[in-house]
């Protein structure tokens, strides 16, 4: 299984890195949160991953040029540690590609001596939550306790089903490599066109505090109140969001 | 096709083993029956099988930690023979993985000199049966006659279609290895959220008698009468069942 | 891609063989016709083909025992030529398996110096035809002209779409091996539970005449008039048919 | 991944070639346009590509003979350059086959020193557009500016989703080979049986002017007005079109 990796920074001076994943998924909660952090922190792109195991399509970027689907690893050096962000337009197309992709990502971050893996995602509800709860699970009690907070529920057993895709498999495979891994899952409306900005906001609040990221989350608050006024007008939302998060949405099948 | 097997007991002293399979399937009849026997008999875990051919997701266990999907072989040594139980959260994802997985399982149990293979499953009906019938088929007349009993029908031809998945393929591949194999199939409601406890109860009765397992099936009777009172409240049922059988159910898509 | 072939007759004395294919498909027209000829002519089984590329299930045979899905080649030696019949319970599961399977079959029959390949199938219509038309196409004008007859239409272009599965791919791959190949397609009701006995009857009439098979097609006429009286009672039909054709039908999902 | 290529012209004298792709897709816009150019310009077939990664079916051609699905590269030598046309009945069956196929095509045209790649496609709308707009995107600003014209919009970002299939992937993979590539996408009705002749007409107008092809587009105008009168009578349309474009349509599942 072949994934092509392009390294873009020769000597990134990574120390004690923590990987934070946010790829497309339920409500795009993880993607919105990670793209917002990359933009806000001006994180630099370190790796670009392409593969024939990604969807057979191209995306149109903000320069109106096409690009093959790719997933990138960005980094931001903080005082005592580096944050690596896993971001992209897509997830691998099938189950085995998902495993292969996650192994590849873990190879890369393990070479950088990754200390922790954090995955972000959404829990789809039949109705949009007013104030989304955040749930946490992981592969080790210690890391779950480390990120414990009042607003986080750690009681998922019997309540939620399997965590599907990269957000789940990264946790499981980290286990086998002895890397502590945790997932933050925010409630969101389980509808294909819903943007889980509120859920992403909750997760960002937790990460902001834990990693002292100094994010200005009020930028997202503006988006949320606008979304609440205009309801379903996802198109407009996306245009507004596009300076802050590079969220893409399939409006039409083209080919 | 690669399946990773971890051996957990160095010297299990297996003698004349019989493999009993019960993975997720129609009404989870087989899974409920096998998980109940593992719990009741305090069977020990001998092998753990993981694979990139399993679903790309993680499950949340009773300790609120994530686990990659796995299938395990447990064993219980009786007076004159050992019972091996094949149990797990999932079935392989596609047709070829199913064949590959079954070959792997048969490699393992053949190394242990397996004498018989027994698979358990459900036959989906449009309505929940009051007293589910049990049907038997297999790869050899002798083994079918051995387990013959009043309440078991052996006349499936023309009445039921193919047996799909591990419960079926294990029978067919056992044939090619000259291992006698039989399947016990209990009627159940063919609805995705239905738990076929009644059907599992019928199969357990047969196995209990044949193998002198001394199972206390009244524990299940309690669950059944509760289920009949509360009807569709599968969630509550599952919570009650979780000490006895580690049955898991997908309530929400998460990722 | 691996297909396991078992040879069952050491020295079958095949001469100038013609392969006639009839696997499950639209209305099971091809399967009904070929299974009827095998039974009527007491054709002998020459090869048995099994594969992990076949569906992951087992079928219950008339002895109430399970069997892995298989496709067999039977033969019947006539005065001046041999007929090879390709019959079975299933088609390969996906597109590439279909190509691989057809190449394997052509390897086998080419070793026997096959002179012609004939595939049988159905054309699904929205209503059951009173007197089904038979259409013919192939990979060579000569073979189409050879089997020309009043009741056969050879004008399919623009009228019918692609021929899907083994019935189609065998024709195309025969082309590349310079084996003349033809397909007889009979109209039938395009409904999943419909048995295209009438369509099969029309095709059998043509083959009976061309190959002087001395088939007693009145046996099928009985089935047809019964079917017309009892309409949708496919179950009963199947039971009646089971001495003559080993037609199987999936009534329930089991596993 | 194996694609069989047959070369049909020994010494085609290709100079500065531009590849124009038009395979089946949304409204068959690309296919109609490319098939029309091949017919009108009497382009010669240079390569024929077959593969087990194409659909497992055969098509019935205008001679009422079956053919395995194939994609062909035709060429037409103009004064200062050659046009290569990529045309066929099908697209590869899955995502990875699509990538493998596009790499193969680019290998072939790169051997011929291809200067540009042009892909044609449709953008599906909920209603048939009266005068379809044409949109352009590509892998390089220079080629987009080169083909700029009043009637072409180059502002697709945020408006259209990913370009799926060969039309998209060819652009992306050309990028990695430093071949400038552009896509012309015409609006069309997003309905499975709709023939996007109007959209193809618009694209042909642009190509006609840019490459001085001297196409008689009035032939298509006749088809369009006939289509507008007879509305949904796609069958008749197809018969009329069949001398000009070899458009095929699946009317029935056969096999």
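Quick notes on this structure:
Note that the chains are named A, B, C and D in the order they appear, and that numbering of residues resets to 1 at the start of each chain.
Just so we're on the same page, contacts are C-beta pairs under 8 Å (C-beta built on N, C-alpha and C of every residue); 3 or more make two chains touch, one makes a residue touch a chain.
Quantities reported herein were computed from a predicted structural model and do not represent experimental measurements.
One rotation lays the C-alpha atoms of subunit B on subunit C, and its angle is 90 degrees to the nearest 5. Residue numbering shows that subunit C and subunit D use the same positions for less than half of their mutual interface. Centroids built from CA atoms put subunit B at 37 Å from subunit A.
The geometric centre of subunit B is 52 Å away from that of subunit D, both derived from CA atoms. For subunit B, the set of residues that touch two or more other chains is empty.
If you draw each protein chain as a dot and join the dots that touch, you get one closed loop, with every dot joined to exactly two others. Here, these are the chain pairs in contact: A-B, A-D, B-C, C-D.
If you check the complex, the residues on subunit D that touch subunit C are 52-69, 93, 238-239, 242, 248-255. Within the complex, the subunit C residues that touch subunit D are 25-26, 95-96, 98-100, 121-125, 137-141, 144, 154-169, 171-173, 175-176, 183, 185, 190.
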